[in-house]
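Presented sequentially are two complexes of subunit A, the first with subunit B as partner and the second with subunit C.
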Partner chain A sequence: MNWKIIKSHLRVVFLTFEMTFRQNMVDSFILFTIVVQPLLIAILAMWMLRERGGDYAIFVIVGSGMSGLWSSLLFVSGNSITSERWNGNLEGLVASPTPIQFAVFGKAMANVTQSLLSMIASYSVVAVLFDVQLRMEQPLVFFSSLVLTMLTFMTFGLIISSVFVINPDVQRWQNGLEFPIFILAGFLFPISLLPGWTNPLSYILAPYWATRVLHAATVGLATSSEIILTWSMMILFGILYIALSGRMFKKMLYRARVEATLNMQ
Partner chain B sequence: MDAIEIKNLRRVYATNTGTFRRKMKEVVAVEDVSFAIKNGELFGLLGPNGAGKTTTVKMLTTLLIPTAGSATILGSDIVKDANDIRSKIGFIFGGERGLYWRLSAINNLRYFASLYHVEPREADKRIPYLLDMVGLGDRGDEKVEGYSRGMKQRLHIARALLHNPEVLFLDEPTIGLDPVGARELRAVVRDLQSEKKTILLTTHYMFEADALCERIAVINHGKIIALDTPEALKKHVIDLSVIEIEVYGVSDDLINKIKNLSYVDNVSTQNREQRQILMVQTRRGPEAVPDLVSAFNGVRIGKVSAREPTLEDAYVRLVGGAA
Partner chain C sequence: MIKKFTFNMRLFWQGASLSYVALFRWLTPITYMASKIVSPLAQMIFFVVLGMYATGKDSAPFYVIGNAMQITAVSGIYGVTMSIGGDRWTGTLPYLFGTPANRFFMFTGRALVHILDGMIGVFIGFFWGVALLGLDLNSANPLALLITVLVTTLSTSGLGLLLGSLSLVSLNVMFVNNTVYFLLLLFSGANVDLTKLPLWIQSFSNMLPLTRGIASARMIVNGASLGDVAPLLFQEFIMGMIYISLGYFLFRWFEMQAKRKGTLEAI
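After this line comes the complex of A and B, so read on.
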């Protein structure tokens, strides 16, 4: 693949990001989930946590933020393919010379960015309103890890999307994927509380490594070796997810073209 | 080398029947289809609903894998070289879907231009040119959701031409359009023809195919049943005359009875509000009128006229009254 083609594909990622942002801004349902819902959740969380102190509050906020991000990614990744199919755009995307995963990545990037920004804004505003001190011991490590987290989440989204290419019926399994990741990635409690045999499952999930470094950065326990380990694992799994999703998209698209499921009949 | 070469193309769909005891059923949509389209030719594929037109186009546009047979576009195989083909072809499927309704026409075209690797500078020149060409030059900033069906169809044409493809697939581009919109769209297709683009047009409007296409293939039940120039196809009915009879409330039984008369070759029907127009093909010419009128015993009859056969009559004869 030459540089010109790579540049063209990257342009698709950023233009899909822009177009998705534009479309979301005029969709009242999406605006509710981006602006109003996180605000309500933040008010509820802060109201419950105001007596518990800043350390505990930030742990819960990071955990619930990660859960929100995962739910958003899970539904957006699947729904992006399903909605393209319903709108009759999936065929147009598949029949273009750009591999569809670049468009899907751009969509995930827009939706995850919107969700994250809205969560950060909501919690910050509500923390000020409720006068809760949110202490962040290693803010630079935290925000650098957050950028890496978003990127690896999006690569994970590619794997989810590829499955939706073949058949919209896969959507019925979508809900079933939400809680296992909450638990295995340690969003709300440490995985040491889980049975030992589940730990290898956690280790192959990039969200686990993301949660681990983010929690550590909030309380000042992100040592150099911890940062190197978690970041390396996120980068490694991100690359693995990209490679795996590339193969899966190829296989799933071929099957969809055999089974005639690219369009709603 | 021809622009499009199709050899023994076949496509079977698998469907489920039953609720509790599910059974797989196979439906043959395209059966042993072969034809070739020359460079710069405007070729028509005609057939009734469900004849296999769209399935053929979807295989050629790399959206469906053929069950058997092969096809090449500009020398590239539609399965093995799908990626090479995609940048050389453009397609539109009739209807309003396939656009981002919450975006403006310009933003839709910017997005599709990026998918087809059109450089931004080139896209900035090409988008206004194409919007002007399809008559949307002054509406490009508006969101697509506010467009009429005809405007969306024309935007589809602009989208398909963004990367200046050598081969175009137009699948029922005028379906659902009002007469003025359909005429404007046909004018756009004629302009494309003058630019020497290779075009495969599917339609079930005979006059459209007659007016635009250099050659026409008629497809029915997935098989090509005729392939020739419009003039040559009309010769299929040179021995016939067509008697048009306006009737009010004729039953299917009576239509079948007319079809079975010894001097009647074929009958097709068009519903127009409360009346029906029966087009009776007969070798006896206008002499058959008195006998035909008496066969409609008890049914109110309006205007009766005799005329020379058209491409539509040839088509009706070929597909056996399915139109």
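After this line comes the complex of A and C, so read on.
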């Protein structure tokens, strides 16, 4: 692949990013998912965890922010190819010389970047409404982990969107997949509260490792070994998601070009 | 007179069943399981575990009851609203408003199946509470609990009817629905002891459906009789009637405005 082709593909990624970003900012469903819902979850969690005492505000902000990130991934990135199918653009996208993965990655990039709004909104509202001290013990680790989290989530977006297109039966579970990940990834409580048999399920979820290191960084418990473990897991999952998505997209393109069943649901 | 009544009842029943069928035309058993069983169960488990993390394992029944009752909002808010608002999106509104049918029966009929569906959802929630989360219903009076669930589902569907009427004039129906659903989760007392919140929040909570229903359900599970919770249930019922009346008023107002301005099919 020469530089000219790479440049052209990157152009597609950034243009899709820009277009999706603009569209999302005026979509009330997306604004609810990335701003309103995490904010309301943050307020509720603040009220509930008040009984527990201690320095829980930053924990709530990170947890509710992660919930926004996951909801956005599930409902917005998850629908990124399906929505093109509904709009009748999917065949055009598939037929264009740039592989469709680049367009989908641009969309996932926009969605995940916008999801950061959930953390920013939770931070602002909790600070103002609850008048609490918000301290970040390891800011460098936190922000580095956040960047890695975003990248992992973008690759997860590639998987989830292609799975939903290839297998509409899986997409029917979309509504039922939101809260289970809130639970298994330990966004707002430690997974040690859950029955032991659920822990392996948490370990195979990238959001769990992301949440674990982000929570640890806020309270200064992100030791070197913890950082190495969590980052390695996120990188491993990222690579796995990219490899799997390659196969998924291949299958999708086969359906588009050979079976001509892509626009059928 | 009897003929007219029979006609209106037929309209009520047909509106009730057909609007439900039309709303869930996309429904398959998998979708129903995901939307009505798995999703509410997962939401319930999330808030119950969060509550236990906050206040200890002994407080689990408080959260189980609150969240089981809150499940009624899935049908009461989303289902009822979409049953009314769906006519606008599918283009059937002009036909509906072109008929001489009784508007009150047409309007309220949309909620009936969702009330039954919502009640089933709440009982599924209680079942999960007993089976998975250790809820003890031995002291509960079944009839009192049934009436509490019925009245609460009715009042929540009343708010759904009001939102349904709003969906005829608003483009952001899902935004409104989602926000109201989460506001109920926040202010109905499903997850927070309302007496520990500021007075203005308590006043706001008292204007919502569900609040008194959840309080009644908690009392019944703790052994209270139907007589003990009757005042709360009466207030919950009145609250539902207020929301239904407001919704109906808005529905009629929308019809008049839309006919006058020619905006019946504006989307």
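Everything below uses one rule, namely that the second predicted complex is superposed on the first by the 201 of 265 C-alpha atoms of A that agree within 3 Å, B and C clash if a C-alpha of one lies under 4 Å from a C-alpha of the other, contacts with A are read in each partner's own complex, and residues count from 1 in each chain.
Following the convention adopted for this analysis, a contact is a pair of C-beta atoms (placed from the backbone, for glycine too) under 8 Å apart; a residue touches a chain by one contact, two chains touch by 3 or more.
What you see is a predicted model; the values in this text were computed from it and never measured.
Once the two complexes are laid over each other on the shared chain, residue contacts for A:Gly88 go to subunit B alone; subunit C is not touched. Once chain A of one complex is fitted onto chain A of the other, the partner contacts of A:Gly176 are limited to subunit C, with no touch recorded for subunit B.
Contacts of A:Gln37 after superposition: subunit C is touched, whereas subunit B is not reached.
In the superposed model, A:Tyr203 makes contact with neither subunit B nor subunit C. In the superposition on chain A, contact of A:Phe29 is made with subunit C only, not with subunit B. In the superposed pair of complexes, A:Val12 makes contact with subunit B only, with no contact to subunit C. Legend: residue contacts after superposition of the two complexes on their common chain; A:Leu188 is shown touching subunit C, with no touch to subunit B. Those residues of subunit A whose C-beta lies close enough to touch subunit B in the complex are 5, 8, 11-12, 15-16, 19, 22-23, 26-27, 87-89, 91-98, 103, 254, 257-260, 262-263.
Residues 28, 30-31, 33-35, 38-39, 42-43, 45-46, 49-55, 172, 174-175, 178-179, 182-183, 185-186, 191-192, 197 of subunit C touch subunit A in their complex.
Residue ranges on subunit A touching subunit C, taken from their complex, read 28-29, 31-32, 36-37, 40-41, 43-45, 47-52, 169, 172-176, 178-180, 182-183, 188-190, 193-194.
Of all residues in subunit B, those touching subunit A in their complex are 13-14, 58, 61-65, 83, 86-87, 91, 93, 95, 97-103, 107, 110-112, 114-117, 120, 159.
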